[in-house]
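This is the structure I have questions about; it appears just below.
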Amino acid sequence: MTADVVAFWGLAVLLVGSALAVVLTRNLFHSVLWLALALTGTAGLFLLLEAEFLAAVQVLLYAGGVVTVVVFAIVVTERLVGERLSHTSRSVPLGAITAFGLLAGLVVSIAGAPLAGPAPAMPDDLTPELGYAVLTRHVLPFELLGVLLLVALLGAIYFARPED
Amino acid sequence: MTSHPVVLALWAWLLPAGAFLVLALAAPLRRSGRPAAYVSVLTALTALAASLAAWQGAATLTEPATLLWTWIPQHDGPLATVGVLADADSLVMLVLVALVACLVQVYSLGYLDHEEPAALGRYYLYQSLFAFSMMGLVLAPNFVQLFICWELVGLCSYLLIGFWYRKPAAARAAVKAFWTTKAGDVGLLIGIVLLWRQVGTFEFGAIRVMAEAGAVPLAGLSLITFCLYLGAAGKSAQFPLHVWLPDAMEGPTPVSALIHAATMVTAGVYLLVRTSWLFALTPDVLLIIGWVGAGTALMAAVLACVQTDIKRVLAYSTVSQLGYMMTAIGAGFAAAGFLHLLTHGVFKALLFLGAGAVIHAVGTNDITRMGGLARRMPQTMIVFLVGTLSLAGVPLFAGFLSKEEVLGATWAGGLTGPFVLLVVAAFLTAFYMFRVVFLTFFGAPATPAPATGSGAPGAVHAPHDAPAIMSGPLWLLAALSMVIGVLFTVTHRETPFDMPAWLMPLAVAVSAGGILLAWLTYQRRIVSADALAAAFGPIRRAALANFWVDAVFVAVYRVAFLSLARFIGWVDRYIVDGVLNVLSTWTVSAGDQLRRSQTGRVQDYVYGVALGAIVLVFWFRWLL
Amino acid sequence: MTDFPILSVITWAPFVSALVIMFGARHRPGFVRWTAAAGSSVSLVLSLWLYWAYDRAAAGFQFVERVELVPALGIAYELAVDGISLLMILLTAIIIFAGVFASWTVKTRAQEFYALLLLLVTGVFGVFVSLDLFVFFLFYEIAVLPMYLLIGIWGSSGAVRPQGIFGWAFGRTGVGTKEYAAMKLTLYLLFGSAFILVGILALYVAAGSQSFSFLTFERTTFSPALQTWVFLAFYIGFGILAGIWPLHTWSPDGHASAPTAVSMLHAGVLMKLGAYGVVRLGMGLLPEATIDWAWLVGTIACINIVYGALSAMAQTDLKYVVAYSSVSHMGVVMLGAATLTESGLNGSVFQMFAHGVMTGLFFALVGLVYEKAHSREIFKMGGFATMMPGIAAAFTIGGLSSLGLPATAGFVAEFLTFLGAWTSAHSWWLFPAVLGAFLTSIYVLRVVRHIFWGPPSADPRFQNLPDAQGPEWVAIGILVFVIVLFGVIPGIAIDPVDTATVPLLTRLGVFP
Amino acid sequence: MAALSAPLALELGTLALLVLVLLSGLFGPKGSALPARLAFGGLVALLFVAWNAQPGASAFGGTFVVDELALFAKRLFLASAALSVLASLGGGPGPVPRRAAEYHVLLLGSLLGMLALASARELILLFVAFELMSIPLYVLTGFRKREDRASEAALKFFLVGTVSSAVILYGLSFVYGAAGTTEMAALPAAVDEGHPLVYLGLGLVLAGLGFKIAAVPFHMWVPDSYEAASAPFVAWLSVAPKAAGFVAVFRLYLEGMGVTALAWVPVAATLAVVSMVAGNLMAIPQSNIKRLLAYSGIAHIGYMLLGFAAMSANGTGMVLFYLVAYLFGNMGAFFVVEAVGRSESSDQLDAYKGLAQRSPMLALSLLVFLLSLGGIPFMVGFWAKLYVFWAVIEQGMYALAFLGALLTVVALYYYLVVARYMYIDAPVRAGAIAVPVSLTLAIAICLTGVVGMGVYPGPWVDGVLRVAGTLFR
Amino acid sequence: MGLEAYLFLAATVFAIGLFGVMTRRNTVGILLGVELMLNAVNINLVAFSRFQGDTLGMVFTLFAIAITVAEVAVGLALVILIFRTRRTAMADHLDLLKG
């Protein structure tokens, strides 16, 4: 129990910290890396929540895939312009106020909401269940997701492809 | 039945209407001039015959006979009717109108022989319209028809005064006449409307019955009768609404004779006569009528003394005589006023036509430019003299008896003050009329001036008597006024009041005095005119300025109407409409302002989403 | 003849001819004009027949036609006429007939011009004949909208010097230009129609009887509260079109900028449409509110009369004078209605007709004068009577009618209204009304004298101008004839009207 | 499988069509018109199928339903897509004809998302469908990638879009968390018992949907995207996704809610008012007709929200009717814009000077469309507005109706300004405007729709009322 | 550790992500912000699903992640495209369209 608490708080601090770093650091590369850290931290949270499969997906697809893509993009673009991408922020106070406003709204709503009690016991491995669900009840979204990825890829290629 | 007076009167009334329609619709005929004139004259003659016949039959009428048609319907019976009301008064008035109208139309054939055909056609078009309207007024069985015709004769007067519309003066005079009388008509209309609510009908007969039965509620009746009187005052040129009549002389002289002497201007008097039983209920208004009438009579007489335009003299004398009639009515003896109306109609028409003949011959209106015409145009001199004598109220002439009756009525009515004024006016009347006579027909012949000022295309060569077509009517009228005069003198009429014995001598003396003074001043030159003028200096100056009445009216028109109008017009354009423009401008600029929020920076768009989200989050929390 | 859809034919004949013109007559002005004339004369002839055939004894709504349109909401294409609309239809037919001939000389884009004009007329007819409030509203908007293009394309621009505290806004809105006038007029009237729409819907919902038929509403009694504000909505909505003060400012600019036929139609008929709406919907459906608000309607009407007359007196542009006189005369119309008396209401309806013809005549003549002298400056012209006696005479007659001279239609209307005013609950209305009539006589005669009967102007532009000729006589002739006819024999109009006003007033409790 | 195919017929059909078009693009010659023709034909066929389809089927345990609403929406999507494709058939400048395959595949993909969305009664499906609908739209907005404006608009659309997707997703997560299930059938109960997180979730979702339907203040992407993208696509973009958004709104906030839905009235009314006012006012100063139409579109969303605010069967029905009216009117307008834009290569209002004298019919049709949008009788737009007002008044909200009615006048102001350019001003260039046949056809169809429905809306009204009725059972 | 804690944590990250989106000048940076937001949502979903003891949330998360990847792909492609034509990555510079 206590281990959970410690772990949670650790991960929480890590997550929030790295998230802040993502949005505050002045170096684009660094913020990408911070993002990777944040995502990994999230994976840790998933582990805490006994969603190992998701944690794996998170690390591989997100922290791995996404970040690579981003870095790749940055590299490409920097080659295009030939100098370091500046990475400054605009109207920080206003942004902060707005963000805090939203946060306040969320907190106000969440606090005092009747929530489900202590987590029930879960089967050791949810992966087959997930797979089953995706292929039965959620097959339609799954199919659509396929189409989605197709068109997204098509679009991405269309945009990224050099002039034809 | 067709010979029944009512039917005859109806015929008399409708014939001119026929002529009018023919001339109005058949443009070629109208433009051909003379033929058009003949059509009009012919109908006028027939109308005269018909009305004479009707008058003959009047004796057989025991009580007023009427023919009625619905004019404005309403779910419970007609609201307003039109038709013919035949009784002694209306028929005799009808005869007068028909007679004068007919004579004037004949006379005009000669007087306007120089007009171009189209204009002549227009003239006779108006003439027949006038005849129709005036007869309709006379025969009106109710207030509505009376008012309708009342306005129509006003229209005709407007059209005929402005007949020579190229003359600025004429155009202005026409409009002035219309506005002034219209101001009075507003009163008349209000009076009619108010009365209608009071008694629930427009019919003279019905109202008379109620009035004599005392069924007419007296509350506010004075206001009503006063309003009616306003109308009468406007038409009959009572002070201060008399200003239009002298200017109206800009019209052709026959028109002045017909409309502004014999018939239309007396419509006001006729109205009061017609509704005397109503006015009898409101003595206070009668008092006003009496005083105003007398005052008008005197004022006009004074004004007449200082005029040099022969027609204006006659015009003022008309105003003055109308004042006489009004006073009699004010005294409560409408019959006397009516009698004077009739006689005056005859001899004043005579005077005007005579003056017309003179003007036609000399080519000017200015009496100072005339003189010694007696030898050149004896006939004219004679008939004019007849008219003058009867206007001056010399015995055996038409005017004498009626005027005496008016004086008597005034005295009997207990209006001592007005009586005195009238007596003085009588003296002045005799004076200024003979002033004209002497200056025009006797004394040294003045060099005839070139035809300027007057629109009457007069012959500038040696003046001579008018052609038969013009002199005929003159003689007829002259004879008529003699006959009436003699007739009245021999058959002494019964008057509803007793004449004081000293009245006749007084009247005769007064007029004789007037004549004498004029003779001494302008014929024998014993009394110098200048001395007289000096003696009455202030009055004279005031008179020359028309007692500033015109000035007052002009001021009112300028200030009260034009300036106010300009102000309102400005307000409408720049304030009322301005507000609108401001609003629309604001709307547009509001759009422009809002549009700035679309900065084009994507993150501001995100702000939009974020703010919206925040609001919604809080709101939904709050919805609970 | 009973099953013949005469009302539909009257209404749609102009529309059909508009279509023919639009698609059938490319660049053939002669054909265009004659088609227009044909279309309008069909309506004229039929409405004359209608006028004759209407059974005065039976009264009520006659010649009913009904076709379901949206059953779900109870909207039906339902047409019928009663005494009031009968007269209005005749008026419309006369004016458009005259209008077609008056604008015979329109050359630029004649095809579109006539098409739009006739479309507009269809809308007007539709409003007068439709018994279903909804269809009523449809036609109402159709009657308003083409005005924009008609004025915008064929109108004439003037110039207004910005002044006063609001002057700054004038430049931005472009006061004086025809585009401004067109936009102002259209938007103002549509603004009004927004009120009307909401009012009608509110009544529909309140009645809850799944029908928009006037008869259904008539049978319903609405709650006083609802009546109060719906009446106001109607009053404002229709009042704008009727030119009530201070919502009238679209009218002078609009009418001054519009081409002849449009001014004729708009001042002559469309403004009546507003008054008609107030009488038909406001008074017809909301008796209590009508009685409660009579004081307002009448008082504003009095303001209209005097204010309009004074404004007219202040103008130097002939067309503006006529336009403001319309504002003043519409005051008489509204006043008559507000008196809630038989004579007053008859007078009101009669004035709608009288003023319609009169102002139609005026605008026709102004158009002719402008076309020949190319000027509308009253105080620059003069003595035209010698050169154009016909126009002068007609104008004088029109003027006399407008100042309420007896034997013209104007008098009957004003006289009835005066009677009504004095017998109404607010008798003092009589005096402003009469004053207005007097003021009218002043400004009308002033104009007539300056332009026609005054001394001839020395200005070389104004020498030997032609009189009206050919088709133009048709326009003038018919209008003058009607003015005089209805002035001499008002019964022919009041007979049918009375059959409609009496029941209306009975509903208001004036008659037991 | 047969059990599945019935309800999923349209989706599968679209998918097949998509694949077909893709293949034709891969193997067909470059820049051939085949994919476009294929897509058009297929869409027409699908539309035909949809027209004859019967409501009532459902699949996956009621998480995918083909009820009246779904069917109505699908027909709408297919019709608008078909029209849009038809309009762009005529070739012309820009990459669309050269890259017909990509273009139409993307379009069909988005369409597929909409079709699925219309039937979704389950949150995951809803979200996925939403994304499938949105992502291609970003690409299509930037399809003229050579133009700076296009790519810029696409980026803006994309960034704001993803943010709002995140917001929606976040909201959905709360809904799911509170309701304990992702089936919408459970929503009414959850709302009824007033679980705070459900409200929070729905609030966030509404913000996201507000973006999709482009209600103020989530509207800012609209003018930019409209200005930059090709008109036929914009025509579609301005109608279909918004309709989809409304369907989602109805499903989430109305279906089965009953009186509970009244809780949303103030929110909906506020959104409506803000959208109407801001949209109409901001449209006034526009000089680019596409932007003008964009802002007027925002205002129209406000009117639809007005109907939604009525929270009644009538109100909802009238929103649906409004959507149909909007489809014809707005698409038609954009098609004319396309026609003029091609020949004048400008979307500025100046390009429309004297259009009435150059090509009268084109001007007339644009006038008709604008007047329909302005709500003038005998054109469908009039009924749409009127019905919405009626629904609102029925709920006693007179003030809203008044405001709406008055704002129509403001709207008419800028529509009439366009009319002024076309009819009153003199033409700067002579010569009629050449319009490809397909485009003419598309315009003609819209014209027929506008006028036809305007003259005889009866059956349509019955239809939409029937559809709306199902939501309130 | 209670569900509430996870929710608060997610909310915080979400807010931070939003902050990033609103303040970052560089388009790529903005994208990173979006990533954070979506990531926060995932935490939410998983937490809910865990504390309700069902797998729905996790399925949802799977879809969410996949979709996010797709979005990122399109987004980055767009960024590259704009780089190529406009030679800038700054969101502020992209204001051809406004008003």
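Letters are used for the chains, namely A, B, C, D and E, taken in the order the chains are written, and counting of residues starts over at 1 for each.
FYI, a residue touches a chain if its C-beta (ideal position, glycine included) is under 8 Å from a C-beta of that chain, and two chains touch if they have at least 3 such contacts.
Because the structure is a prediction, the values reported are computed rather than measured.
Colleague: What chains, if any, are shared contacts of chain B and chain E?
Modeller: Neighbours common to chain B and chain E are A, D.
Colleague: Using C-alpha centres only, name the chain that sits farthest from chain A.
Modeller: B
Colleague: Taking CA centroids for every chain, report which one is farthest away from chain E.
Modeller: Farthest chain from chain E, going by C-alpha centroids: B.
Colleague: What chain is most central when centres are computed from CA atoms?
Modeller: C
Colleague: Decide which interface, A-B or C-D, involves more C-beta pairs in contact, and give its chain pair.
Modeller: By number of C-beta pairs in contact, C-D is the larger.
Colleague: So what's the Cα centroid distance for chain C and chain E, whole Å?
Modeller: Inter-chain centre distance comes to 65 Å.
Colleague: As a quick test, compute the distance in whole Å between the mean CA positions of chain B and chain D.
Modeller: Taking the mean C-alpha position of each chain, the two centres sit 78 Å apart.
Colleague: Whole-Å distance, chain A centre to chain E centre, using C-alpha means?
Modeller: Chain centroid spacing, chain A to chain E, equals 7 Å.
Colleague: When the centre of a chain is set as the mean of its C-alpha atoms, what distance in Å lies between chain D and chain E?
Modeller: Chain centroid spacing, chain D to chain E, equals 26 Å.
Colleague: Would you pick out the residues of chain E that each touch at least 2 other chains?
Modeller: 14, 17-18, 21-23, 30-31, 47-48, 52, 56, 59, 63, 67, 70-71, 74, 78-79, 81, 91-92, 94, 96-99
Colleague: Show the residues in chain B shared as contacts by 2 or more other chains, in ascending order.
Modeller: In chain B, the residues touching two or more other chains are 588, 595, 598, 600, 602-603, 606-607, 610-611, 613, 617, 620-621.
Colleague: Going by the touch rule set out above, which residues of chain A reach two or more other chains?
Modeller: 90, 94, 98, 102, 106, 109-110, 116, 138, 141, 145, 148, 152, 155, 158-159
Colleague: If we use the touch criterion from the header, which chain pairs count as touching?
Modeller: Pairs satisfying the touch definition: A-B, A-D, A-E, B-C, B-D, B-E, C-D, D-E.
Colleague: Under the definition above, what is the set of chain A residues touching chain E in their complex?
Modeller: Those residues of chain A that touch chain E are 4-5, 8, 12, 15-16, 19-20, 22-23, 28, 31-32, 35, 38-39, 42, 45-46, 48-51, 53-54, 57-58, 61-62, 65-66, 69-70, 73-74, 76-77, 80-81, 85-92, 94-96, 98-100, 102-103, 106-107, 110-111, 115-122, 126, 129-130, 133-134, 138, 141, 145, 148-149, 152-153, 155-160, 162.
Colleague: Would you pull the chain E residues touching chain B in the complex into a rising list?
Modeller: Residues 18, 21-23, 30, 91-92, 94-99 of chain E touch chain B in their complex.
Colleague: List the residues on chain B that touch chain D in their complex, please.
Modeller: On the chain B side, the touching residues are 587-588, 590-592, 594-595, 597-598, 600, 602, 604-606, 608-613, 616-617, 619-621, 623-624.
Colleague: Considering only the defined contacts, which chain C positions touch chain B in the complex?
Modeller: So the residues of chain C touching chain B come out as 160, 163-167, 169-170, 172-173, 175, 184, 245-246, 249, 252-253, 307, 310-311, 313-315, 342-343, 346, 383, 385-386, 389, 400, 405-407, 411-412, 415-416, 418-419, 422-423, 427, 430-431, 434-435, 437-439, 441-443, 445-446, 449, 453-456, 490-491, 494-495, 498-499, 502.
Colleague: Which bits of chain D are touching chain A when the two form their complex?
Modeller: Result: residues 8, 15, 18, 59-61, 63-64, 99, 102, 105-106, 109-110, 112-113, 116, 124-125, 127-129, 131-132, 135-136, 138-139, 142-143, 145-146, 151, 178, 180, 195-197, 199-200, 203 of chain D touch chain A.
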